[in-house]
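There are structures below to look over.
Shared between the two complexes below is subunit A, which pairs with subunit B and subunit C, respectively.
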Partner chain A sequence: MLEFLNTPIVAGVIKSAIVIFALLTAFAYMTLIERRVVAKLQGRLGPNRAGPAGMFQPVADAIKMIFKEQIVPTQAKKAIYMVAPIISLVVALSAFAVVPIGNSWVDGKTSVWDPVIGDVNIGILWILSISSLAVYGIVLGGWASGNRYSLLGSLRSAAQMVSYETGLGLALSGTLMFAGTLSMVGIVNAQRHMGIWFVAAQPLGFFLYLIAGIAEVNRAPFDLPEAEQELTAGYLTEYSGLRWSVYQMAEYINMITVSSIAATFFFGGWSFFGLERIPGLSIVIFLVKVAVFLFLFIWLRATLPRIRYDRLMRFGWQLLLPLAVVNAVISATVVALNWPWWISGLAGLAIIVAVLFYERRKINEGQKEVTVKEVGGSKTMAIPTSVRLAKFEKVNVE
Partner chain B sequence: MTDNVPVEYALAAVMLMVAIGLGLLTLALGRVFGPARRPQQKNPPPEHGGRTGHKTWVQFRLRYAVLALLFVSFDMEMVFMFPWAVVFKRDGLIAFFDMFVFVAILAAAIFFAWKEGAFDWEY
Partner chain C sequence: MINPAYLYAGILLAAGFIFVIVTMTLVSFLSPHKRTKEKLQTYESGETPIGSAWVQYPLGFYIFALLFVAFDVDIVFIISWAVVFKKLSFFGFFEILIFITVLALGLAYAWRKGVIRWI
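Take a look at the complex of A and B:
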């Protein structure tokens, strides 16, 4: 009687409903965990009143959000303004469709009820192409709000995502050479087959991916689109109530997706030295790995100050992208000549160390003296050599 | 994993449909439970100290127009590189060196743009 459950489509609908429910719950509790962890790191308490250790805080927040007023500004382009958050959410959720959450129930045998929704054979291309649509949600939302802060925030976001997406993709390509497949399940199986995690062969690729991934989801220290001091809240300025929380949802789910890709590509996904053969345990292993990355995101937010905008662009194009190209070339050479994997690992580590030394030297740079003309005489001051002062043209005020 | 490729795509598309359904649900929830009537003076955007009527969609200088162009070329490059990364081991050294030529041209492009100052902030 329950035969219909084994049709792929029915199983797919049920599985995607479960995954979406799990993602939304994860989002809700990520907000709580983030607030608690950041509070702990800053020597505060964080929300701890609603339920034991603040467990019901997300529920309270959700109910509050539902009953809140949703303002549509008079200047907004109404239709686009309403649809934009939904674009963000749909894109964030459907990127997760190809992520393998666990091993198949019987090791080595596939069935329709495996914990992956659709094992598309171009898995990572699916994720990259879908998640590059995320910029539409943000840009349309910011543009349609009819507010200059929103517009500037969304355009910044577009520039940032565009700049870091290339570095992100190229950083992943080294792993693909070792795996020899684009399917996410295939990549995990390749790591089991080789007996290593790809982070050992691709340390440089991993760090590049992590940095680019943080920038791609607009998290601190790359959260310029939402920089409060400069842009109020960037593209979120005009949004309120449930639509605002939909944007937040999209942001956190993107974070989870980036963490999942990092775990799958570089840390063996759901595999852990043979333990994944026990049914169900593979899911727990995967969740732990993702949780470690999510904690890293929170930790970075509490630790690092926001990067300046021109440095952000320069960093992406002048450091991340060339390094990603170098990484791809090294990996290609190692794979093509059938050298062992640790050669690319050592080369990657060497490059990381060299770059850190180089950057360190730039931090210890000297100072230069500039003379600035001011009203009533000029003034000389010492500034770091990398800083260039903007030149303003004279404007004749009528 | 089923061996049927179209089915896998359909399954991934199912996730997309469910996600769209969820998005519409949130819009509906807000409409049902949110306050229906709202005072008009809340509508203008909160900037310029409450003055309204200014234009948002003005012409201004976008400082990364060149970067946008570069992005298009690099994104295309990525799309070419991914399938190549999967199969080049099977196709031997010829394919390997082919890609080297491609990457060399690309690297030349990066350094040219760098020299021209495309990556620096336009003052």
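Take a look at the complex of A and C:
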């Protein structure tokens, strides 16, 4: 009687509904967990009033958001202003279509109820192209707000996203050479087949991906588009009520997507040394891996100060992109010569250590002497080379 | 015959779209609409905004967009090459080395010109 449920399209609709519901629940509880964890790291309590340990805080927030007024400022371009958040959220949700959340229910046998919505054979290209559409939501929203803060915030966001997109794509290409497929399911299977997680063969690629991924989703320490001290709230300044929370949802769902790609590409996705053969356990394994990355995002936010904008751009183009090119060349050489995987692993680790030492030396030795004129003589002091003092030219008043 | 997986991925796209539209429509009925002149004013930290919001911005943004277009096309090429890499063997390997050299030269040129220094 219930045979019609087993048709692929019905299964696709039901799985889509489950994924959307799960992502939104994850978003709601991520906001709570983030506030609690950041509070703990800063020696505060965090929200703990609504329910035991603040469990119902997301519900309270949602109810508050629903009954908030949604203001459209008079200077805003109304149509684009209202469409932009929708683009952001739809794009963020649909990037999740190709992520394999778990093993098929019978190991090695595919069925319509596998926990992946569509195993598109160009999986990672789907995610990269869809997530680069996210920049439209931000740029259009910031431009249409009719506010200078919003405009500058959205421009920053666009420039930052395009700068790190290149490094991100190249960092992933090393893994693709080892896997030999673009399908996300295929990449997990390649790791099971080789018996390693690709982080062992691609440590440099993993670190580059992680940094570029954090910059892609505009999270601290790369959250320049929302830098409160400089731009109020960046592209979010004029948004209120549900439209504001739709942008927040998009940001957190993008974080979850970036974490899932990191888990799938470099940490074996849902596989865990044979444990994934037990049906259902593979989903738990995948969720744990994603949760570890999400915790890392929160931890970084609480630990690192915000990077300066010109340094952010320089970092992306002058360090991240060249290193990603080097990583691609190393991986290509190893795969072409049929060398074992640990050679590229060791080479990647060596490059990471070399770069860290180089940066450390630059900080420690890169000091210059400047003479500062003061009242009653001048004094010499040592400052880091990265500090540039403003020079004022003499103005002749006649 | 296209892969049916695209259809399922499209289902999620459509489902996400429907979900967002329905939620926003419902909430627009629930949320209050009390407009005042001050509330609808552009926010500029309490000041009355002067002039248009669409100000001139640094040319740097434009140059980064140009650089991005050049490099992103290259990366699309490299990713598709990386998949069939094992079948191409040494011919593909040397070809991509030449390609990456050209890419690196372009980056070095932009670097030398001071384009990617931002200020």
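Simple rule for what comes next: the second predicted complex is superposed on the first by the 367 of 398 C-alpha atoms of A that agree within 3 Å, B and C clash if a C-alpha of one lies under 4 Å from a C-alpha of the other, contacts with A are read in each partner's own complex, and residues count from 1 in each chain.
Everything that follows uses one rule, which is that contacts are C-beta pairs under 8 Å (C-beta built on N, C-alpha and C of every residue); 3 or more make two chains touch, one makes a residue touch a chain.
From a predicted model like this one, the values you see are computed outputs, not experimental measurements.
Trainee: After the alignment on subunit A, I want to confirm one thing: do subunit B and subunit C clash, or do they fit together?
Mentor: clash
Trainee: Quick one: is A:Asp114 in contact with subunit B, with subunit C, with both, or with neither? Answer first, second, both or neither.
Mentor: Touch partner of A:Asp114: subunit B, not subunit C.
Trainee: Touching A:Met381, do we find subunit B (first), subunit C (second), both, or neither?
Mentor: In the superposed model, A:Met381 contacts neither subunit B nor subunit C.
Trainee: Looking at the overlay, does A:Leu349 come into contact with subunit B only (first), subunit C only (second), both, or neither?
Mentor: Neither partner.
Trainee: For A:Leu45, decide between first (touching subunit B), second (touching subunit C), both and neither.
Mentor: neither
Trainee: I'd like to check the shared interface: which positions of subunit A are touched by both subunit B and subunit C across the two complexes?
Mentor: 8-9, 12-13, 16-17, 19-20, 66-75, 86, 89-90, 93-94, 96-98, 117-121, 124-126, 143, 145-149, 151, 155, 159, 162-163, 165-166, 169-170, 173-174, 176-177, 180-182, 232, 237-238, 241-243, 246, 309-310, 313-314, 317-318, 321-322, 325, 328-329, 332-333, 335-336
Trainee: Mind pulling up the subunit A residues that touch subunit B in the complex?
Mentor: 8-9, 12-13, 16-17, 19-20, 66-75, 82, 85-86, 89-90, 93-94, 96-98, 104, 110, 112, 114, 116-121, 124-126, 128, 132, 143, 145-149, 151, 155, 159, 162-163, 165-166, 169-170, 173-174, 176-177, 179-182, 185, 232, 237-238, 241-243, 246, 309-310, 313-314, 317-318, 321-322, 325, 328-329, 332-333, 335-336, 388, 390-391
Trainee: Mind pulling up the subunit C residues that touch subunit A in the complex?
Mentor: Its residues touching subunit A are 3-13, 15-17, 19-21, 23-24, 27-28, 30-34, 39-45, 49, 53-55, 57, 60-61, 64-65, 67-68, 71-72, 75-76, 78-79, 82-83, 85-86, 89-90, 93, 96-97, 100, 103-104, 107, 110-111, 116-119.
Trainee: What residues on subunit A touch subunit C, complex-wise?
Mentor: Per the touch definition, subunit A meets subunit C at residues 8-9, 12-13, 15-17, 19-20, 66-75, 86, 89-90, 93-94, 96-98, 117-121, 124-126, 143, 145-152, 155, 158-159, 162-163, 165-166, 169-170, 172-174, 176-177, 180-182, 232, 237-238, 241-243, 246, 309-310, 313-314, 317-318, 321-322, 325, 328-329, 332-333, 335-336.
Trainee: Can you list the subunit B residues touching subunit A in their complex?
Mentor: Residue positions touching the partner: 1-2, 4-5, 7-16, 18-20, 22-24, 26-27, 29-31, 33-35, 38, 42-47, 52, 56-57, 62, 64, 67-68, 70-71, 74-75, 77-79, 81-83, 85-89, 93, 96, 99-100, 103, 106-107, 110, 114, 118-121, 123.
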